[in-house]
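Labels for the chains are A, B and C, by order of writing; each one numbers its residues from 1.
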Amino acid sequence: MAMSDASGNDVAIGNETDSKGRLLTSDGRPLRAALDRANRRRKLTAFGLVAPLLAFIVIFFAFPIVQMMWRSVDNPAVIDALPRTLVALEDWNGEDLPSEAVYRALYEDMMADEELPRLEQKIGPLAVRLNYEVSAARGAISRTSRNVDEFEAPFKDAFMDAHRLWRDTEIWRIIEREGRPLTASYYLAAVDAEYDENNEIVRADENRRIYVALFGRTFAMSVVITFMTFALGFPIAYYLSSLPMSKANLLMIAVLLPFWTSLLVRTSAWIVLLQGQGVINEMLVSIGLIGDDNRISMIYNMTGTIIAMTHILLPFMVLPLYSVMKTIPPSYVRAAKSLGATPTTAFRRVYFPQTLPGIAAGGVLVFIISIGYYITPALVGGQSGRMISNEIARHIQSSLNWGLAAALGSMLLVSVLILYWLFNKLVGTDSLKFG
Amino acid sequence: MTNKLKLIALSSAASVLALSAGAQETSLTVVSWGGAYTESQQRAYHEPYMAANPDVTIVNDDGSANALAGLRAQSQAGNVTWDLVDMLPSDAQLACDEGIIMEIDHDEVLAPAPDGTPASEDFLPGSLGDCFIPQILYSTVLTARPGAFEGEQPDSIEDLFDTENFPGKRALQDRPGTNLEWALYADGVAPEDVYDVLSTPEGVDRAFAKLDTIKDDIIFWTEGAQAPQLLADGEVAFATGYNGRMFNAIQVEDMDAAIIWDGQIVEWDGWVVPAQGDNVDAVMDYLYFATDTQRLADQAKYISYGPARASSAPLVGDHADLGIPMAPHMPSAPDNYYAPIVLDNDFWADYGDELRERFANWMLQ
Amino acid sequence: MSLPAYYTAKDKVWHYAFRVICFAIFFFLLAPILIMIPLSFNAQPYFTFTREMLTLNPEGYSLRWYEDFLGDEGWMRSIRNSFAIGIAATVLSTSLGTLAALGLSRAEMPAKGLIMGVLISPMIVPLIISAAGMFFFFSQINIAQTFFGVVLAHAALGTPFVVITVTATLVGFDQSLTRAAANLGASPTTNFFKITMPLILPGVISGALFAFITSFDEIVVVLFVAGVEQRTIPREMWSGIREDISPTILAVATILVLISIALLTVVELLRRRGERMRGMSPQ
C-alpha cells in the first residue's frame, strides 16, 4: 500500500468499494483522491515549515545580491540627464563634431537640470558616469554646467570654449554609446578591455590592465593555499584517524580550537609573529641567525597572506578528510600487505584512492573560501597579497565605481557557484559537517 | 526550555531597545578621520560645545576615508544618518556638484572674526568652497627614522629616491596623489611646475619611471595611522604621512623620527553638511561655534595643523599636554614652508581616475 | 607505544618521523593562538618577549592592557553590541532554521535540492558580495546603520549552520515516534515539544552556537552595514589592527580565545551526547 512510505495516517480505509470497484474510505470518498489530498496537505505543511526561512533568505539575502549585480549593466545616467541631446544625436554621422542643434540640445538639457531641486539633478551623476569612460569628463561637465546659464548662441562655440573635451568627438561617441538603458562597459573594464574610436572592443592600454592579472593571482594564491592545507592536513587527518577515539578527540582540539577562534584573533596572531619586530624575527636576531638590520619581511606581502590563510583554512581541510578516513576499514590495507604489497604500495594503491572524496570535499571548500577572502589579505596582504575581494571593496568604498564593483563581484560569484556545483556533484552538501 | 528561550528572546529584545533608546535629546553624528585628529576635534570643539549645550550629544564616527561613498549611499536611500562630515575639498566639490551636501553661505552661517571681519574674508584665500567650510591646513610630509641610517641623515625628497645613500623600506600611500608629485620634484621639476608637467603624458611617464627606481623598497599604507605605526615598528626607514599624525607620534609617543619639510604637499580639510539631515539646525549652531576664531586656534593645541582663519594664527599657543609652542610645528611656519607643493584639486578632479587606475596597475606589477 | 615486531629499521624511522611531522603541524595550528596569551601580559608595548618576561621577572608582566581594554568606552560598547546583536541574530536564525529543517527532512518536501541550495547560499557566497548587496539594499529600505539591519544580516548568515546541524540530527530521527504520538492523540504542538524537540535539541543548540559564533566573529558585513553605534568587537579589532596595533588587541584576543574554548567545549559535549542518544557513537 502507498501508505507505508508516508508519515501520515490520516486516511482511514473503509471496507467498501464504489460502483466502479475503486477502494473507498470510511466516509465514502474514493481512496486515491483522499490519499492525493492528504499527500498535498503534507506537501503544503512541509513547505509551510520551510517558507518563513525561504522568504527571509530571498528578501534579505538573495534579492540584495541580485539587485547589486544588476548595477553591473544598469545604465540610467545618460538617458536621465540628456534626453534632448540623445534625440538630436540621432542624426549625427559619428565622424565630425555634431551640429549646432546637438549643442543647443545639450544646453537645454543642462538648463532644464538647473530648474530641478538639487537632489533630483541629473548632471552630477552624469559627470560621474562619463568619467568612468573618459578621464576629465567629470571636470568638463561639472565646470561647464556651473557656467551654462551664461552661455549664448551659437552654443557650439560656447561649449567648445568652456572645455577642451567638447572639441573632441570622443565625448560624443561615448554619450551616444552609453545613451542606452543597459551597458557592457563595466564588464569590459572588468576584463581589461575597452572601446576604441570605432566602437570596436579592444584590449585596454597596457598600463591600465589590472583585473585579469588580479583574478589570475587570486586563483593562483587560492591554489597554493589549497595545496598547503592539503599537504599539512593530510598527515594529521591520517594520524588522527589511526588513533583510538579518546586520544583522537583530545588531539582534535588542536584543529577545533583555531576553527572556533575569531578570525581577527588569528590574523592578529600572525601579525604579532611575523612582523619586523615580531616574535619570529626577534628570535632569529637574538640567536644570531640574521642581523638586526636584515630582518625578514614576512608580512604585508603575499607570503604573509598565504601563511595566515593556510593556518585559518587548515581546519576546513582536516575535518572532511578526517571524517572520510575514519570510515576506511584498516582491514583493506592489512589485506593488501598480507598479499605482499609493500607499505608504500598498499598506501598508494589501496588507502589513498579511498580518501579522494575527503580530499575533493576539503579542497573545494578551501578553494571556494580562499578566492572570496577579504579580511586577511586586507590586513596582512600589503600590495602583493591583495585579492579580488579587496578590489571590489575598494570600488564600493573609495573609488565609488559601483558598476565596476558589481561586474567584478558577479564574475567572482559565478566562479564560486560553478565550484560549488562541482563540489555538490563530487561529494554532496550532506558531507558538510562542523565540529 | 521554552521558558529559557523566551527569556533569551526577551533579554535580547530588551538590550536592543535599551541601546537604541536615549534619542529624546539631540545626538549629532560627526564623521571624521579617527585617531589623533578626531581626538583634537573632540577636545577643542565637541567637549566645550557639549558642556555649553547639555542636551546635545556628539558621536564620533571615523568614516571620513569612505565619506563620499557613505554620503552617496545615504542620499540615494533618503536615509541620512550623518549630521556633519569632515572631508577633503576635492571630495567636497564632487559631493557639492552631485547635490548631496548643502551649499553654505559662509557669512550667514559662520561667526565673524573678533574684530568684525566677515567670515568670507577671515578664512584664508582659496580655502572656502561652495559647500565646504575649511578648518585646517595640513600637509603630507616625508618622515625618516634616524636609527635607520648611519652617518648622514636624509633631508630632502630627493633622498627618498636615493636608495644608495639611504637604504631601507619606504612607506608610501597607496594612491597616486603625493607620490607622483614627489617623483617629479625629486626628478628636478620645480614645485610650482609639477602639475603642468603631470598634465602631459610624458610627464606621467617620467613620474612613474622615477617611482620605478624605488619600487622594490616600497610598502604601501592605506590609512593615516598606519604610516607612523610602520615607522615606530621599525618596518620602514621612510614614511610619508600627515604632518599632524607624525607630530603626535614624535612628540607625544616619543617615536624616534624626524619630519622633512622639503616638498610638503599642503591642502585644506574641513566640514560639509549632508543635505536632508535630520538635525540641520543643531548642526548649524554647532558649526557657528566650532569654526570661530578661538576654537580653530584651540585645535592647534592638540594637533599640529594650521587653523584656516587668519584671525586664529596669533592665538595659537602651546600644546595642551606637552606645553611646547605649537607655531613652529605648523605646516605654514616660515621655517617649514620653504618648498611647498600646493595640492591642485582641479588637476586631480580632471586626471584623478585615469592616474588612479594606472597607479593601481603599477602597484600590482 | 610498542611497534609491531616485523617493523624494519626503515619502518621505525618513518614511524617516528611521521609523528614528529604531525606534532609540528599541531604546533603550527595552536602556537600562534596560544603565544598571544603570555604576550598580552607584557609590561612593555611590544609584541615580543622582553628579557624580564623570559626570566620570569614579575616586573616584566602587567595587567595594563587589560585595564586599557576594560577602561575604554569604545571596547565596552562593542562588547554589549556583540552580545546583543549575536543573541538577537541567533534567536532569529535558530527559530527560522529549525522550522525549515523540520520541513526539509520530510519525505514529501517538494523541490528539496533547489530550496536547500538557496538556504545554504549565505554560507557559499563570498562575504564581500553579501556585504555589498546588503549595503545597497539596506540603505534603500532604511535599515543600514541600525541594530535591526545588522541583526537581520547576521541572522541570514547564521541560518545555513542551523539548517545543516538540525537536518543532520533529523537523519537519525525515527519518524514512527511522532506518528505513534499522533495516533495516541497528541496535537502537532504537543508532538513537537514533547517528542521532536527533545530529540533534536542537541542539533538545535549546536546550530544556535554556530549561528552565534558566526555573528560574534563576523566583520565584513559589519564593515559595510553597521554604523558607529553598532560597532562590534571584531569591528573594534579591525580599527585597532589597522590604526594603532597595541597589546590591547592581545588582551582582547586572549579573552576571545577563552570564549571560544568555552563554546568549543559545549559543542563537543553536545555532539557526544547527540551521538549517544541516537546510538550512533562508535563504541
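Convention: contacts are C-beta pairs under 8 Å (C-beta built on N, C-alpha and C of every residue); 3 or more make two chains touch, one makes a residue touch a chain.
Computed from a predicted model, the values in this text were never measured in an experiment.
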As a test of understanding: of all chains, whose mean C-alpha position lies farthest from that of chain A?
B
Most central chain by CA mean?
A
For this structure, I'd like the pair of chains sharing the most C-beta contacts.
A-C
Cα centre of chain B to Cα centre of chain C, whole Å, reads 38
Approximate Å spacing (C-alpha centroids) for the pair chain A, chain B:
33
Taking the mean of the C-alpha atoms as each chain's centre, how many Å separate chain A from chain C?
22
Where chain B touches two or more other chains simultaneously, the residues are none
Sites on chain A at which at least two other chains make contact:
275, 277, 396
Multi-chain contact residues (two or more partners), chain C:
135-136, 242, 245
In their complex, what parts of chain C are in touch with chain B?
80-81, 83-84, 87-88, 91, 135-136, 139-142, 144-148, 151, 193, 197, 201, 227-229, 239, 242-245
Contact set on chain B toward chain C in their complex:
1-2, 5, 8-9, 11-13, 15-16, 19-20, 29, 34-35, 59-63, 73-74, 76-79, 81, 222-223, 225-226, 229
Across the complex, what residues on chain C touch chain A?
11, 18-19, 21-22, 25-26, 28-30, 32-33, 35-36, 39, 46-49, 96-97, 99-100, 102-104, 106-110, 115-116, 118-122, 124-130, 132-138, 152-153, 155-156, 159, 161, 163-165, 168, 175, 178-179, 182-183, 206, 210, 213, 216-217, 219-220, 224, 233-234, 237-238, 241-242, 245, 249-250, 253, 256-257, 260-261, 263-264, 267-268, 271, 282
Residue numbers on chain B that touch chain A, as the complex places them
65-66, 68-69, 72, 75, 93-94, 97-100, 103, 169, 174, 218-220, 233-235, 275-276, 346, 349-358, 360-364
Please output the residues of chain A touching chain C within their complex, sorted ascending.
5-9, 39, 42-43, 45-54, 56-58, 60-68, 71, 232, 235-236, 239, 245, 249, 251, 253-258, 260-273, 275, 277-279, 282, 311, 314-315, 343, 368, 371-375, 379, 389, 392-393, 396, 402, 405-406, 409, 412-413, 416-417, 420, 429, 432-435
